[in-house]
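Both complexes shown next keep chain A, but they swap its partner, so chain B is in the first and chain C is in the second.
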Partner chain A sequence: MSKKNLVITSITLTSIVLGLIISLGVLGPIPLTSIRPLGLFYALFMANRNITIEVFPLIVNPGNFWAASTEAITAILWDYRGLDTLFETSVFFFAIIGSIALFRFTEKEEHEIRKKTHENHASEGKYLGLSLITKTITKIILFTIIVVSAAIALHGQLTPGGGFQGGSAFAVAPLLAIAALSRFYLDDIGFKKNTMLLLRTMGLLIIALLAIIPVVAGIGSWQAYIMQNQPKEWAIIQLFPPKGLGVLLGSLVYYNIAELLAVGAGFTIIFILLSIPEEFYKKIIEKEGVEHG
Partner chain B sequence: MEVILAIAFYIGLALVVIGAISDLIGALGMLRFPNFYVRLHAATIGAIGGAVYPLIGVALMSPSLTSLGTYRWYLMGASLVTALFIAMAAPTGSHALARAAHRAKVVEVYPKVVDHLEEDGK
Partner chain C sequence: MFRYLTIGLFAFTIYILFSGSITLYDILTGLIVSAIASVILAKTLVKEDSKVIDIRRLFWLIAYILHYMTIIELRAHLDVAKRIINPRMPINPGIVRVPYKTKTDYATVLVSNSITNTPGTVVVDLDEDKKILYVHWINVKAIEPDKTYEYISKTFEKYAKKIFD
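Up next is the complex of A and B:
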């Protein structure tokens, strides 16, 4: 038996034996079926309904058990750790601002880069992008990536996912386009740097406004919450749709859409900037250094 | 109607089995084939035969799975769409890989019978 086969056999055997051992309960107790009510408790808890009265009559304290979201992760994120997420978004905001500042080009310089890259490719007799097969399929895939990223963001209040994840998925589209179709294709379909900057600023503005609106509306009364997701029964300000409207509750939907815009457009800007050939932007930056220094 | 569903179920089952066999063949090919390009072929057997066929099989089986309720239609739709996209993306991916490897000359074509791409490039 060769060495390779030995390794493969031993890995297979180990996994089978480990599976057997775990399922026989040797490594530790397997959760009993009697623990299931705990899962049920969490599920109902997240459903935001006062089912605690019906299912767990002993721990009833209506109003105290309340997760403010139909989905566990977002419940924790937006109503318990909302401010943390706000600062995460800020970090991302400043990171992108920094990158844009580093790649500072005037409109004229950008035009120059575009022209030079085109000339370069023409002089070497190369065409832009990969083969025709790859280009065609990439165009189809691009469309689906954008649709899927929108779906991830718009389902964020129900399932794991949300704006940042949707935006990250969205960012794959420009990256793929740059690899397979060249960055000029992005320009042609409207993924320009300044358009993306506008979209991103719009998303961040919506987030900031949504976060602050409950507080502004709550001036004069004491109970208002920054980044309020769902209406709180004890808060006077009931900003977002009240309970009973099903799954589209809370401000989370709007946050997710705005975050999709901000993150997706932010990553797109970075990829567009990084795809500028180094020889060109280095030249421009050097020229600037000579002029001013 | 039930007969049609039953036939679709068994065709689907057969497709899933074909998928499992293709995966096995693909895995064997990955281990046994001599060079990068032929191994890429084995990988694509795993992607098309081992993923697209079983997904279509699942789509054919799902209408019979009444225990899933309405979710069986979600299952069917998702399987079909995924199958379609794998069928488009997997060959494109291996095409791009093979082309890139050939153009960059990082992989020697050996054993070689004929290499038209190389002859064209000369």
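Up next is the complex of A and C:
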């Protein structure tokens, strides 16, 4: 038996055996369909729907209890784990700052790099890169990625998506553009390093302000919460949009938008910097070293 | 102007389809996101404003989708399926040159992706200067450019020119 056949046979056998094991219940009992009302129970509790439902064996009115979020993880964790997210964001912030410090160019030097790399570059609207087919399709895909990443971030309060996920999905767009269309395409659509730096700083500022505003405003009183997400009637500052937009929003929706900006733009900066040919940035950094050293 | 509206509408459709719900929140955020996406990218996606609102092009696009998805795809699938099932495996593979006469990028991409998506033929490369597609063909019937054009891409080009050129 050849190596290839052996691999195919073993994969097939493994999947059959695994399937058998799982369906026979060796790895644990398989949930029955009668457990489904439990899911409904959780969903209604979290959404704070003021209606009475019948979930065997209880009749409950979830309006008496609430988690104020339709998304399970947010309902349980956000108000307690929000600080964790704040620190994660700070780590990412320092990582990007570090890379920008490594690739330090003045405005003039950057212009020079652009001019130099532009010399072996075709006329306007024609980008170096892969074939015409790939370039055209990439332009369309890039557009859809940007729209979808925004949708991921803006539905973070309902789904397992969120700002970081949306931002990471967004970052695929500039990466694809650099590979298929060259970095000058990013210049043409306005994805420049400094623009991205501005967007990223804006995102981080919004996150920091949102976290701190309730505390600052609540000085002298105990009724304010740092990084408050869920509505608390007794808190002075209510940092969440009103109900009535059809979905229940916490302050999470603002954090998600800000995080999308910070992460998406942060990754874009890294990709733009990494796409500068080595021969240019090494020369500039070395020259700087000699001057100061 | 029209290109911004069209691309914005396209973005809005993608946003709503991806979200999977239409609440006031989805519509409001969708409008904002599609406006931003359209302002940034519409100019790189559509060059000529007048083509976007040309209703005949839309009509030809729908006609092409119907024609392609039913008759052309069915014929190609049946042909390749027959070759697979047949124990003698009657194939004669090879790469041939197929000239293309489309002018715009989108038309060329439509032709070449239609060729690739049809079972039995795959575009492996294209030469923009000579205007030639290199196509891998499961059953090479001819190698002369005018005959390969006739066999492989004539129908696609007819529609592509009407939709995009």
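Just so we're on the same page, the second predicted complex is superposed on the first by the 221 of 293 C-alpha atoms of A that agree within 3 Å, B and C clash if a C-alpha of one lies under 4 Å from a C-alpha of the other, contacts with A are read in each partner's own complex, and residues count from 1 in each chain.
By our rule, a contact is a pair of C-beta atoms (placed from the backbone, for glycine too) under 8 Å apart; a residue touches a chain by one contact, two chains touch by 3 or more.
Keep in mind that what you see is a predicted model, and the values were worked out from it rather than measured.
Asks: Please work out whether A:130 is in contact with chain B alone, chain C alone, both, or neither, and reply first, second, both or neither.
Replies: So A:130 only meets chain B here.
Asks: Quick one: classify A:150 as touching chain B (first), chain C (second), both or neither.
Replies: A:150 sits against chain C, while chain B stays out of touch.
Asks: Under the stated touch criterion, which partner chain does A:188 make contact with: chain B (first), chain C (second), both, or neither?
Replies: second
Asks: Mind telling me which of the two, chain B or chain C, contacts the most residues of chain A?
Replies: C
Asks: Have a look at where A:141 lands relative to chain B and chain C in the superposition and call it first, second, both or neither.
Replies: First partner only, chain B.
Asks: Pick out the shared contact residues on chain A: the ones touching chain B in one complex and chain C in the other.
Replies: 131, 133, 137, 140, 144
Asks: Can you list the residues on chain B that touch chain A in the complex?
Replies: Interface residues on chain B, with respect to chain A: 85, 88-89, 92, 95-96, 99.
Asks: Which part of chain A faces chain C closely enough to touch in the complex?
Replies: 131-133, 135-137, 139-140, 142-144, 146-148, 150-151, 154-155, 185, 188-190, 244-247, 249
Asks: Across the complex, what residues on chain A touch chain B?
Replies: Contacts found on chain A: 130-131, 133-134, 137-138, 140-141, 144, 180.
Asks: Within their complex, state which residues of chain C touch chain A.
Replies: On the chain C side, the touching residues are 7, 10-11, 14-15, 18-19, 23-26, 28-30, 33-34, 36-37, 40-41, 44-45, 105-106, 108-109, 112-113, 123, 125-126, 128.
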